[in-house]
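Take a look at the structure set out below.
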Amino acid sequence: LRCGFPEVVFAQGKAPDQILAITNRLAEHSRQVLVTRLDAEVYEQIRAELPADMVYHARARVAALNRDADRLKHPGVLVLTAGTADIPVAEEAALTAELMGHAVERVFDVGVSGLHRLLNRMEALRRARVIVVVAGMEGALASVVGGLVSAPVIAVPTSVGYGASFNGLAALLAMLNSCAKGVAVVNIDNGFGAGTLAAMINAQRFEEK
Amino acid sequence: LRCGFPEVVFAQGKAPDQILAITNRLAEHSRQVLVTRLDAEVYEQIRAELPADMVYHARARVAALNRDADRLKHPGVLVLTAGTADIPVAEEAALTAELMGHAVERVFDVGVSGLHRLLNRMEALRRARVIVVVAGMEGALASVVGGLVSAPVIAVPTSVGYGASFNGLAALLAMLNSCAKGVAVVNIDNGFGAGTLAAMINAQRFEEK
Amino acid sequence: LRCGFPEVVFAQGKAPDQILAITNRLAEHSRQVLVTRLDAEVYEQIRAELPADMVYHARARVAALNRDADRLKHPGVLVLTAGTADIPVAEEAALTAELMGHAVERVFDVGVSGLHRLLNRMEALRRARVIVVVAGMEGALASVVGGLVSAPVIAVPTSVGYGASFNGLAALLAMLNSCAKGVAVVNIDNGFGAGTLAAMINAQRFEEK
Amino acid sequence: LRCGFPEVVFAQGKAPDQILAITNRLAEHSRQVLVTRLDAEVYEQIRAELPADMVYHARARVAALNRDADRLKHPGVLVLTAGTADIPVAEEAALTAELMGHAVERVFDVGVSGLHRLLNRMEALRRARVIVVVAGMEGALASVVGGLVSAPVIAVPTSVGYGASFNGLAALLAMLNSCAKGVAVVNIDNGFGAGTLAAMINAQRFEEK
Amino acid sequence: LRCGFPEVVFAQGKAPDQILAITNRLAEHSRQVLVTRLDAEVYEQIRAELPADMVYHARARVAALNRDADRLKHPGVLVLTAGTADIPVAEEAALTAELMGHAVERVFDVGVSGLHRLLNRMEALRRARVIVVVAGMEGALASVVGGLVSAPVIAVPTSVGYGASFNGLAALLAMLNSCAKGVAVVNIDNGFGAGTLAAMINAQRFEEK
Amino acid sequence: LRCGFPEVVFAQGKAPDQILAITNRLAEHSRQVLVTRLDAEVYEQIRAELPADMVYHARARVAALNRDADRLKHPGVLVLTAGTADIPVAEEAALTAELMGHAVERVFDVGVSGLHRLLNRMEALRRARVIVVVAGMEGALASVVGGLVSAPVIAVPTSVGYGASFNGLAALLAMLNSCAKGVAVVNIDNGFGAGTLAAMINAQRFEEK
Amino acid sequence: LRCGFPEVVFAQGKAPDQILAITNRLAEHSRQVLVTRLDAEVYEQIRAELPADMVYHARARVAALNRDADRLKHPGVLVLTAGTADIPVAEEAALTAELMGHAVERVFDVGVSGLHRLLNRMEALRRARVIVVVAGMEGALASVVGGLVSAPVIAVPTSVGYGASFNGLAALLAMLNSCAKGVAVVNIDNGFGAGTLAAMINAQRFEEK
Amino acid sequence: LRCGFPEVVFAQGKAPDQILAITNRLAEHSRQVLVTRLDAEVYEQIRAELPADMVYHARARVAALNRDADRLKHPGVLVLTAGTADIPVAEEAALTAELMGHAVERVFDVGVSGLHRLLNRMEALRRARVIVVVAGMEGALASVVGGLVSAPVIAVPTSVGYGASFNGLAALLAMLNSCAKGVAVVNIDNGFGAGTLAAMINAQRFEEK
């Protein structure tokens, strides 16, 4: 495919030998392979038989193989989180975009209840050409960021929270109702989807018109 | 009652003659009477027979009688809205608190998608001792305000919005999940409840300890 | 603002004189003004006093003023609908993007229950650099389109349907769960939001890198 | 019964000895016995005492006894899945229909995000007289298949997915709202129900009119 | 198409002139045209210009044109309702199946709170080869019928009821959870969908094997 | 209390030593003590220290102490279940009513998908003066029974089922919408509540008027 | 029937002539006929042709014919409401029970936010043998009453309220979760159902044992 | 900060070493540190390395460090629970307010089904200047208390309950719909939030006006 999607394996719900078989088959012909939602224990079980150049990122629960890792990356993608508990989802997004050839800037723990932390990072916000906002609980960060910048914002609600967060529903609804311009939403905890879309958007500037 | 609650009539669902009868009966013995959710057409039907000193506030759909209107008011209550469509609910809150003896500062249309509008009003935010935040759609304003001040915040979700706002559910859930300290929530569109509670909190500073 | 957003008035819930006042005020200083969710009857009431060069689009319930209408438009935006009942929302999206300087291709009524209609339009799909997919009921078109192209897809669930569509909830959930890469979702019936985001994405190719 | 229903034991929530007792009692008098939702560990505990001719299908978590296994089977039933994670439910459906005397064709992993995989199997689709479509996440496959064929489609939403799939609710709603003709829906993950209904429909062509 | 689907117009949400234009265009080339969800007032507005041989069925809000009305019909379809308020949906189902060439038996008002009414009609139940069960409120009729017969049952939940029926949700969930074999469900109030599917199933016995 | 309520301990969520302490304290002064939702493992831990005359009912997860067990019991209470998986809840109801001095007739596994099983028990149904109906999945049994008898029916939805049963919600809604006269509903899985209410109703015939 | 049920017509959704026809047919052979959910305008249209001895109760939207109105009534039924807006539903319940031969005591507007109003009526509460509690908003009255008395309580949630009452859902859930003994629940706004059940329970004391 | 908020660590979802590192870092510079949602097992793992003067409260799952513990506390905060299962959440609230310098009175297990228990504590209720009401199941206590006092009430719904409590949703909705004046609500199980807000409100009387 022209736009350089990696091959992707969604490990959740698959048996270790299935994950191994699919990954190794894909690794034969692809320059980029991504395994998402891969728990550390499962990874430990199969790591010896995975391609030697595959790297495991524990926090994001992602294993990534990138045979073009030394290629120059496209700048422009920024990944934000409201809290620290949102970081695993944010890392999934960032690693996905990196595998697709983009340089990703990370700014974590800048939730709206401490606005100064966000406002201190206006440089990064203005520099970005596409922003992934990862937030659970009330999901307000997407609206605030959307109002501060004119770049597209991809909002990822997370299941971080309890009670009336209803496993991410509160953040999801908040983000869908954002009164800021230029905000769209992906599934709860879907860092991979946000990273892919951010990469697709950012890539366009680097294509011939 | 020691804390000076007005008598209140909830007009929604009551027939005009019922509203009239109850209001006039209460007006015989009370110094403050409030009629909420009173539509303009209904008001027009009964205004001639209401107490002459009752004032109708169309935007808030509230009729108020205050026989101590000239008494000094307690400062400290601030009412904010995210958008202009939230103003009727905010006015219901403000008028309620005013009837209970409090001076209310109003700052409207400072939603989070234009953060500068809010930040321009930091003076008012800092001055306030209790803040009512009225917002529909994603309801993010409550969290942002809660993070900026150390006064109690009473959040009022409104049914302003469409689609996945689900008539105020999105704002309600967002406000309940606020990651800021000191935020509590009342029912959707319940300006009256927020105004009452704000007045009760603000009154305490003026009582003997 | 550098990226050429129009001034926008959300007419729903505003009184005719309010709409008129805001619109005329904005029209004094802006080259693009958009009034959304403006019902035909309301428009008829105020049309005489609106700027003479404002155009009303009945199907989209949108009034648009564009003082740069003769400027060359950026190609790349495609708007699709599943059914004919989805067209008003699609038109809101298309008109918004057009006002922001983009040429919009429209392909309507290509829902998945008649796949050949969609497959007949592969040319348009491949040509597009960003695609807005507008669909109610089961919302399946977003996934199918997402699988056929490598351009970003902005999915707009609509409230078209009945019963278990729950006013657009079914389509919303389906789109959020899309197994295709590169799909993000905006609020139910939010053509304006999708059009804005599509324009923002498409604009990036035409900016200096 | 004339239409050859097997005896069925729903193992979920039953103790191993209960499953054993019921199954063995049924096996005394019936030519077909099906045990559904039988976990591998439970099966291992009781297998020595089950009828010797009972076969366990691990993926479908089904144990089946068929004393007419050599009888000619009725062609016409097709079972499709969108993904590989949907296969256990699909196998439950297929094994049920097989036990009821039908030959079942299986076409797995033909979800709509890769439409060509489905279109490559048009032969099988056209051949079928009743089709069971098993899909989680956005459940779009049912609509696409319903539009391609004129055979009845029985849609089985699965709990495959996460976040806003809400354990199969998204797929369920999508399938209920299918804009294609001839689609009906069974409970989430109810492969057994779909297989039974498919067999009942397919059987009718082979009865005397 | 081989299986004789009528052309169908879904009138809800369309303007009278749109309905007229589409219907008349279809009537030029088709032998069967069905207009569903056509309110009496709209019908009155356009009836003079509709094809002269089109018949309006007020209770079902359906206009039907059948140029093969004198053809022999296939027996086998039974349509049941729980209450009298369910009849409009049932008629939509019955008229659809009739237009597709099937003779439809109707048995109305046999809800489970008066079981004898249903048991008195066992003849009709046994005779049927496919049964459409239309019920609102608790939707229990589908399970009871499913247990009494071995024919496929297509369950149509209706929005009849109030309070915790949640516009048909209660009946929908009940039908999806039916413990009887051979029951599948269509959308709330979707008589058209049930009639189409019933006709497709019933038709199979009359095709060459 | 005049109507002979037992003392009751709700064991769920309490530590074993807490259960023990409360139960033993109550057993000092009461003639009837009931411990509900007491898991077998917890019971085993504390049984040695419980009153010697306390009896554990494993299926109902109930421990009961009845110092008037030899008293004559009031006839009139009937407890029905739709399936075998509903029996634990039914037993909780029955044991509660028994402890309150009532003779309870049990008729289990008479769900509506096999109507003859229920109709075979018409004697018991007619004899009863109050009926507890325990059912999960579609919960249809309450309506059918309500239509067959003129005694009050207390419906207990259970969490038995999967998928769109939503842990008992489907049965709950169905029972609340029962079109039969004389049906009221208690919480999902609340056998205790149903048993108490049945006993209270049945007791009234035996009190002096 | 032995227990003296009136014939009942549910007028909602029926045309005036249908209501008239059914009612008059029933009035020929029955001593009690009840028409529920009969709006005043519809009643005015048909009153001239209804039985002369039928009485219309506007607040309850009920028309009742009672040819045994002079018979002695059984004491024991009490109907409570939390607010004045709940009275129509309460009247439907009371009138139903009265038509079935019971004397009904009414105590209205004793909601829990003014507990003294309820406690002032302890006499009536203690006297009652079955209590219907009608409440909207938070529905707390059922629990409080259930704790004060040992008579059975039939709780009727009403749709009175706004916002997060979700048309009666809040009160319904609260009542289902009542921690008081002896509370069962009927559908939202179902005064008829509660009145019928109350009468059935109260009747039992007056039957021969 | 002027109003003396403690530093707070939300332990849920953090690894033991993360909790330890953050807590110890905060303890270097702060006079009050609170760790919430800290399970006993995790606490045991890290207790040796935590500040020596940190105290663990098992029931509340809270570790608290207070270097001003000997300072005089502000009277006025009352924490109530409906049941014993609500105590952990109540203790979280009480400990939070205590850490912020307030004396907290506790009155537990005074749910509305035994009203006398609450009425016996009227002294405490009247004395309080702000009341935290913690209740699960039907959540009725907030309304009853709100009606008895004129102090602000902060309602905390808990997840205590089962079935239709839907993990605290029933209590949450009930509290939001409270018909008593002066009640606001925080998230399900959010004792910390309620304690913080109570302290903020109570503190105001002790500040200079």
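Chains here go by letter, A, B, C, D, E, F, G and H, matching the order in which they are written, and residues are numbered from 1 within each.
Note that a residue touches a chain if its C-beta (ideal position, glycine included) is under 8 Å from a C-beta of that chain, and two chains touch if they have at least 3 such contacts.
From a predicted model like this one, the values you see are computed outputs, not experimental measurements.
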Greatest Cα-centroid separation from chain D: which chain? B
Expressed in ° and rounded to a multiple of 5, what is the rotation angle of the C-alpha superposition of chain C on chain F? 180
Among all chains, whose Cα centre is located farthest from the one for chain A? G
Pair in D-E, B-G or A-H that repeats A-C, with over half of contact pairs matching by residue number: D-E
Please tell me the distance, in whole Å, between the geometric centres of chain D and chain G computed from their C-alpha atoms. 47
Quick one: report the Å distance separating chain B from chain E, using the average Cα coordinate of each chain. 51
In whole angstrom, how far does the Cα centroid of chain G sit from the Cα centroid of chain H? 41
What positions in chain H touch 2 or more of the other chains? 163-165, 169, 172, 176-177, 181, 187-188
Of all possible chain pairs, which ones touch? A-B, A-C, A-D, A-H, B-C, B-G, B-H, C-D, C-E, D-E, D-F, E-F, E-G, F-G, F-H, G-H
Considering only the defined contacts, which chain G positions touch chain F in the complex? 1-3, 5, 129, 150-152, 154, 172, 176-177, 181-188, 193-194, 196-197, 200-201, 204-207, 209
Chain F residues touching chain E - in the complex, by the definition given at the top: 82-83, 111-115, 137-140, 142-144, 146-148, 161, 163-166, 169-171, 173-181
Going by the contact rule set out above, which residues of chain A touch chain D in the complex? 12-14, 157, 159, 167-169, 172, 187-190
Residue numbers of chain H touching chain F in their complex, please. 84-85, 160, 162-165
